[in-house]
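Two complexes are shown next, each including subunit A; its partner changes from subunit B in the first to subunit C in the second.
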Partner chain A sequence: MPETAMDSVARATPPRVARRIRGLSDRMIAWIFVAPTIFLLLAINIFPLIWTIRLSFTNFRANRPNAETAWVGLRNYERILSDPDIWQTMQATAHFLFWTLFFQVLIGFALAWLINAKFRGSNFWTTIIVLPMMLSPAVVGNFWTFLYQPQIGLFNYVVAFFSGADPTGFTMIGEVALAPWAIVIVDTWMWTPFVMLICLAGLRSIPESIYEAAECDRASKWRQFWTITVPMVLPFLMLAVLFRGIENFKMFDLVVQLTGGGPGSTTELTSINLKREAFEKWRTGYASAYAVILFVTVFGLASIYVKALNKVKER
Partner chain B sequence: MRAFISGILRLRRGPWEMLASVLIAIGVVMLMQPYALWAFSWSFIVTLTGTVMFLIVSHFPE
Partner chain C sequence: MKKTHLLAASLIAAASGLAAEDAYAANLTLCWAAWDPANALVELSKDFEAQSGHKMNFEFVPWPNFADRMLNELNSGGKLCDLMIGDSQWIGLGAEAGHYVKMNDFFEANAISMDDFIPATVTGYAEWPKGTPNYWALPAYADVVGWTYRKDWFARPELQAEYKEKYGRDLDVPATLAELKDIAEFFQGREIDGKTVYGAAIYTERGSEGITMGVTNALYNYGFLYENPEKPYDMEGFVNSSGAVEGLEFYKALYDCCTPPGSSDWYMSETIDAFKSGQAALQMNFAFIWPGVNADPNVGGDRSGYFPNPAGPAGQFAQLGGQGISVVSYSSNQDAALEYIKWFAQPEVQQRWWDMGGAPALKSVVEAPGFADSQPYAQAFLDSMAIVKDFWAEPTYAELLLAMQNRVHRYVIAGEGTAQEALDALVGDWTEVFEDDGKL
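Let's turn to the complex of A and B:
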């Protein structure tokens, strides 16, 4: 009988170690295997979180590590939650969040509906549609900056072709009124395929027999859409909305590459503002409180997300 | 509605999780709305209450 890897490992184990391991219970061996992961999790995730919460109650500044740190209680939280500039930043985030979700759900569902119709070359088109999602946000941000250039960018010429406007007459990322829409367009372009894939999974999970039964009852296509398709795809759609909502709430890289938060602070989303507070103004304690507020919000949304995910799994 | 209230009174997970989710959603809306600064100021408390409540009630029986 040929010797297996297990046999050679068993033979190579010193007798003293082998005796010790033989005395361990299955539970203990399981713990030995899991312990490094738990240790890493504690060191990388839990400890920084607890440390951030602690810092949020102080006036610590990371650029002055030797300065005396004072305990300020809830003052950082009070200042953040009564600051009109941060409120403004939240509104910029809300604008970005609402419109990206709106367009991504609308276009994503429509694309999924089309792809689900199974026409010739649908697999090829699915691959083409999914391509933007596979790109790095930094790359997308960079090349859309070129597309938005008023002199050489393609975007202005496409808009001019359809609207008759002067292509050099507007700057998408340089105007206060247009910049928020510029980031919405890019995020929608990049992440609509993701929503489409989730909707497609939902549409393909609907049994054909339900539509056949509806046909027998002479239900119109419109009626079938509203009473079969929409309710059955809704949990999937909700999942997509929550997932994209959480991701866009934390959006940083794409917007930094595109507008850097400008013009002024028109597109300064919360994560960009937080980075400025922490690493440009070096108000570490204040930024920690800000991060805790964002963390609690994302954690709350993630709890709803997990609940929705379990509901989808139950189906 | 009666089932919901009964679930709340009997400390059942479903309705309590629903209540916590609603609180979280209200907190997020308060955080991002453009109308009242006081709502923004209180949003964190509401979201935190909802999140902590969610963590606790997810251990309630079905």
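Let's turn to the complex of A and C:
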């Protein structure tokens, strides 16, 4: 009988080690292998989560560790859920999430469709299109603040060129009506290529034979698109929406660089607000309750979404 | 034999001398904001290095991140900084949380008297609790919000004539905030030398402390008080008095009518840029920028002038800036750090500090004959330092500041609600902070 890989590994095991593990069951050996990972997971994920939940019921402040910490029950949760400013940041986040996902999916899919057509120079244009997502969000935020400057910014001049408006007559990041759109535009500019790449992977995974069969059945291009392309790319699109949704729910650096949450609190997303509570105001207990609420929200929404995604994949 | 003994004795003496020198020489790190005065301090500190044998290192952080970065450092008990030139409002936290070393004994032992410093700077930068002789810092950099104006534009006969005809008075340094707004309005959108210019570059920044440091210059002068002078932490009717509401309305009106487009998030550096690039006739900023403006090739020399924050209906006040220098309690080089403070407090060092672009708070320097004429901005600096008021310096300063940033920015820049609603909400926020802190 030829020697298997397992046999050669067993033979290579030093006799001292072999003697030691001889008495261990397979299950025990498996536990030994996964124990370090489980320990790390508990230490850096589960323990902080439990600790955060505990802190959320107190008035603990991390900048005054020597001060007495009192148990405040559900007070932090009550204050957060009844605070209109928090609801305003939730609304700002929802607006940002919805419109960035909408535009990124729409434009990303359209770009992927075009690139998939394999025209001359398509590889070159793919490289150009994906450049924005390779930049640091802080850098992108900074240079878009210059682009949005009413006196010297290119953006205002382009808008003025096409609309005839006075370029100094509007301030994208300084006006309540425009600032939420200013951050949507920048995030869309930066992350549409990511959605495009995922869609492109989806489009290229569709076997050519399916289209050929559809052609034989004399299906129109429009019908092919809705009955073949869209259903087969949908799981990829949903995955892109999941990734971008989670990322944009946590959006911080880009918006801080662009608007600092202003004007007023118009673009103060939940992550910016949470950071202010936790590390500027140092209301650690309150911020912990805030983080728990956000965690439950994201976890709940993501679970529902993943179930839907699995159903789509099963079809 | 004698020679051998002598050689051995010399070697031992040299070795022990070196050892003593090694033990004495410390590597000190001074933490401050990254701005022009910090560069001057680096130069000034070379004398200290030469005299003491200690090596000075510097950790400078740009203003928008300064509080975040350094308060995190202090709150985490970090050992990065031996000396901290912290903002005036940190003194309460520094003292109560044990971040700073108390200086009273050190001052007494080294004959450093707080009576020798400008009283406002002692109260603002060194004392906690305020008004008590408990010192946690040595006044290091005296600063205050003031105004810079384009003297050359003001001097143009055609503009003077037009202004006089329109407003019935000379185009000159404004005596009141209302006059300042008139001047800003007059220049807004005007063509000067083929360029469109604007009235006033003012503080509007949202993220750190910008708009608060700006709006208080209007609020104080219209009657805003932080609390009832008779009853601490009693804010209703003081923070949101009718005068305070008027002051806030004034600041919004000034922002709406007379600032450069796109100035919705401006602080020190943006207002400097606007003024130096010839965009603005007036600039609100801390006095630290004045040496730089004076030396600027475009707007320096006779082309710019300086004046203190003008009066309002309730008096003339200006927002205090500046900092004291403290020894960080987590430092393992406290003796060397105190040595630096002793050196820095000397009158001749304070005089050199002024000569190099610093702003000393030592009376013997700023009250010396000839000081007011020593620089074009020296008189404005003295006048401004005489009218200062400061923000809360409570341990909960950061929460109090963020609440004000939020309420004021939402009204002034975003145009949400009324001034009365903004200040009423601020009273609510501040009350909650003091309740949480056990002060109410």
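One rule holds in what follows: the second predicted complex is superposed on the first by the 256 of 315 C-alpha atoms of A that agree within 3 Å, B and C clash if a C-alpha of one lies under 4 Å from a C-alpha of the other, contacts with A are read in each partner's own complex, and residues count from 1 in each chain.
We adopt the following convention: a residue touches a chain if its C-beta (ideal position, glycine included) is under 8 Å from a C-beta of that chain, and two chains touch if they have at least 3 such contacts.
A quick note: this is a predicted structure, and the numbers were derived from the prediction, not measured.
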item: Touching partner for A:Lys250 - first (subunit B), second (subunit C), both, neither; value: neither
item: Which superposed partner A:Glu280 touches (first subunit B, second subunit C, both, neither); value: second
item: Contacts of A:Leu97 with subunit B and subunit C, given as first, second, both or neither; value: first
item: First, second, both or neither for A:Gly262, with subunit B first and subunit C second; value: second
item: Of subunit B and subunit C, the chain that contacts the larger number of subunit A residues; value: C
item: Which of subunit B and subunit C A:Ile304 touches, first, second, both or neither; value: first
item: Which of subunit B and subunit C A:Arg75 touches, first, second, both or neither; value: neither
item: Subunit B versus subunit C as contact partner of A:Trp87, first or second or both or neither; value: first
item: Subunit B residues within the subunit A interface of the complex; value: 17, 20-21, 24-25, 27-28, 31-34, 37, 40-44, 47-48, 50-51, 54-55, 58
item: Residues of subunit A defined as touching subunit C within the complex; value: 59, 62-64, 66, 85, 148-151, 153, 168-169, 171, 173-176, 256, 259-266, 276, 279-283
item: Of subunit C, residues touching subunit A in the complex; value: 68, 71-72, 75, 93, 97-98, 196, 205-207, 260-265, 279, 395, 398-399, 402, 406, 409-411, 413-416, 436
item: Complex contacts: residues of subunit A adjacent to subunit B; value: 77, 81-82, 84, 87, 90-91, 93-94, 97, 293, 296-297, 299-301, 303-304, 307
